[in-house]
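Chain nomenclature is as follows: A, B, C and D, assigned in order of appearance, with residue numbering initiated at 1 for each chain independently.
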Amino acid sequence: MALSRDQIAMRVAQEFKDGDYVNLGIGIPTLAANYVPEDIEVMLQSENGLLGMGPYPTEAEIDADMINAGKETVTAITGASIFNSADSFAMIRGGHVDVTVLGAFEVDVNGNIASWMIPGKLVKGMGGAMDLVAGAKNIIVTMTHANKKGESKLLAECTLPLTGVNCITRIITDLAVLEVSDGAFHLKERAPGVSIEEIQQKTAGKLIVDGDIPEMSF
Amino acid sequence: MAGFNKVVNSYEEALAGLTDNMTIIAGGFGLCGIPEGSIAHIKKMGVSGLTVVSNNCGVDGFGLGVLLEDKQIKKMVSSYVGENALFEKQLLAGELEVELTPQGTLAEKMRAGGAGIPAFYTATGYGTPVAEGKETREFDGRGYILEESVTGDFAIVKAWKADTFGNCIYRDTAMNFNPMAATAGKITIVEVEEIVEPGAIAPSEIHTQGIFVDRVIQGTFEKRIERRVTRD
Amino acid sequence: MAGFNKVVNSYEEALAGLTDNMTIIAGGFGLCGIPEGSIAHIKKMGVSGLTVVSNNCGVDGFGLGVLLEDKQIKKMVSSYVGENALFEKQLLAGELEVELTPQGTLAEKMRAGGAGIPAFYTATGYGTPVAEGKETREFDGRGYILEESVTGDFAIVKAWKADTFGNCIYRDTAMNFNPMAATAGKITIVEVEEIVEPGAIAPSEIHTQGIFVDRVIQGTFEKRIERRVTRD
Amino acid sequence: MALSRDQIAMRVAQEFKDGDYVNLGIGIPTLAANYVPEDIEVMLQSENGLLGMGPYPTEAEIDADMINAGKETVTAITGASIFNSADSFAMIRGGHVDVTVLGAFEVDVNGNIASWMIPGKLVKGMGGAMDLVAGAKNIIVTMTHANKKGESKLLAECTLPLTGVNCITRIITDLAVLEVSDGAFHLKERAPGVSIEEIQQKTAGKLIVDGDIPEMSF
């Protein structure tokens, strides 16, 4: 069965390594913070200038001067640091953030990603997404495998305006975990109960299924 | 002898010299750490044809969004302009020009402008619509685009505290773009929650040095919260 | 689970991985705020063929100058290398290569290296020997040269205090190049006068964030003064 | 008579305006800090990262962590700020320092300056001089009008490797105050008792003497 949003987030959290600095996009990526394995520590970077982002505040803790990149009220952990936007993107662009997790409209077999603009609809802007995909060492895309019409979001070539080129190496969808290399998607894991055939059917770009594909374990 | 006392007593004085068609660099991220008093006074002044460089354009009725109400803004340079119906309307009607700029590139463009760096290369946006019309170049086999710096006729900045010399500190994530904006204005105005005496802020803890600041004004702040989320 | 504890207990551990022919970025200005322990240990390790990027090269017998004694340095990238007889001797004998770089350009090259900016334009050095072999270009009618960023295999940094996460503060003008150096190393080592617990340094007062730092070590410092001048 | 070093410094200090941020080079420029007129305030920037440099310390105040760009022990005034080298040169390169005063080997009629290198002698390096002449709004050169051999240091064209091009607008020597514009030196003031003829004789580059040239007043 296709994973729920929280299950995708759980699977994403398995990607984190002890000591990783992680930037999580809005939506499913943010949920991953709730599922960090107990035996590791990660530190969350928020691109508006906070390293060591903590949980949402209590009502009493709310402070208009303490927000995250999604403009939500947040807290800072003990040992957090706060800095300006240029320094924040020096961290991101300079490759100091270990893992970035973000959503996407489309990803293609060359690791290109489209996530910020659908022509004809109003453009709200790319925010920090283009910097994040240009800078992080390891970029994970989370999204549903297909859109609401059932059309694949894993393509031979992105059709929407790009956020970045040749930058995505790992994709975690409601159906599968895939790696992107050598012009193809490589199926690594499938959601429990999801068949390889269903994944093949919902993957428009070249899909390589090599050997036995295990089910995800949680 | 005025020496280094940058304190002014009114927004009239703070924004003296601002005229139509000027460029304003504004600090703030969303509604956090925005120069509320300067924005309100620019609305009152009624200057128009403005180019505003700011990560966001506020929301309907608050922040930079209020400058849209009387069509004072000709062009926005921002990374994210969502959450604003009036903005959308003026954009679709062709009344407003928008130059979307990646957030990190925008921060770096302001910093570079203040630091005398006219242009720099970045991988951000390479191969995307942001690269259109820009020079590209490879370093070590990777593609980069050339981005030019920005400066403004005025910079409007919100700090937590400033001393009378203009040395500033920011509070928590209300820092954001403010320190870069402060360096990039021909005239830089800082509005603060508290004006303190020189020496009250330790020299090594100062975020923006007074040399970048022309005018300091005591402000009052509503500090509206855009997305109030609690764990309760 | 090591988590974010960056503290190491010996310079062997701090400099593990440093080998011949690597590039080292070093903080410090003259003898002020220099990573004394790392320099001493590099001398002890005996690695050679080093490229060292640092504003100065110490003096005879102290600071980076001690790495000249056994000819460990192949190339210096510096703005000022006076005050060092051994340096002069090796330079004239062709045993040492020197890339003289204006001080502000050097600071910016380190910052750019750490910030993922491969190159930037500056007016500094335009029309001078520094511009030789570099691309030039006009912006708004003024000439600029293209300068590329620098990064190092290692960065050696001296801070006042660091918490165990690697968040650092510097003391007075011992800050100088250290914060930029800290961002520009593949592996960054910070030696400090005092290691404190996370939270001991206020978040907005941190000069170098732990994300840039790989190893923190408690040091001991002679802090030699180059030019003792008093008004007495 | 030719001015002493301290007299040159006194004349330099007359150039400062109330509220100026000033960077003073090593030597005569540094002395100018002693002669700031009493009715104005200036703030000294030292390019190693100090704005608001104070006097030299007492023996008891000496601190190895508090030095100036000449590596001398110094103090900071109340209201000083301390920052890193990149921020320091952002101030300088970005045009935020109002006045820079520095020495030179040669200056020419096009405002070029040579101050850092004499080929054949050991090169000690340019330090921050190239950044300072590229960045400050107002650059004043102080030097003796001629070298020890009596050869002019105000030339038609610099012979030594340059520090900067088209950047010097004002020169204060032991004999005169001159402005540089339109490919010539313009004599503005002469040292008390120094004749226009002596200045003409010791100025190799084109010198324009327009109208009555007053003596400097102190």
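The working rule: a contact is a pair of C-beta atoms (placed from the backbone, for glycine too) under 8 Å apart; a residue touches a chain by one contact, two chains touch by 3 or more.
Fair warning: this is a prediction, and the values are worked out from it, not measured in the lab.
Chains that touch both chain A and chain B are the following: C. Chain B and chain C have CA centres that are 32 Å apart. We define each chain's centre as the mean of its Cα atoms; on that basis chain B and chain D are separated by 35 Å. Rounded to whole angstrom, the centroid-to-centroid distance between chain A and chain D, based on C-alpha atoms, equals 55 Å.
Residue positions of chain D with contacts to 2 or more other chains are 76, 82-83, 86, 89, 92-93, 134-135.
Touching of two or more other chains is recorded for residues 108, 111, 115-117, 122-123, 170-172, 175, 203-204, 207 of chain B. Touching pairs of chains, sorted by label, consist of A-B, A-C, B-C, B-D, C-D.
Residues 1-4, 111, 113-117, 163-165, 167, 183, 198-199, 203-204, 206, 209-212 of chain C are the ones touching chain A in the complex. Listed in rising order, the residues of chain C touching chain D in the complex are 29-33, 55, 78-83, 88, 91-92, 98, 100, 102-108, 110-111, 122-130, 143, 170-180, 207, 223-232. Residues of chain C touching chain B in their complex: 108, 112, 115-123, 139-140, 142, 144, 148, 169-172, 175, 203-205, 207. Residues 46-50, 55-59, 62-68, 70-74, 76, 82-86, 88-89, 92-93, 112, 117, 122-131, 134-135, 161-166 of chain A are the ones that touch chain B when the two sit in their complex. Only residues 18-19, 21, 39-41, 43, 45, 51-52, 76, 78-83, 86-87, 89-97, 134-135 of chain D touch chain B when the two sit together in their complex.
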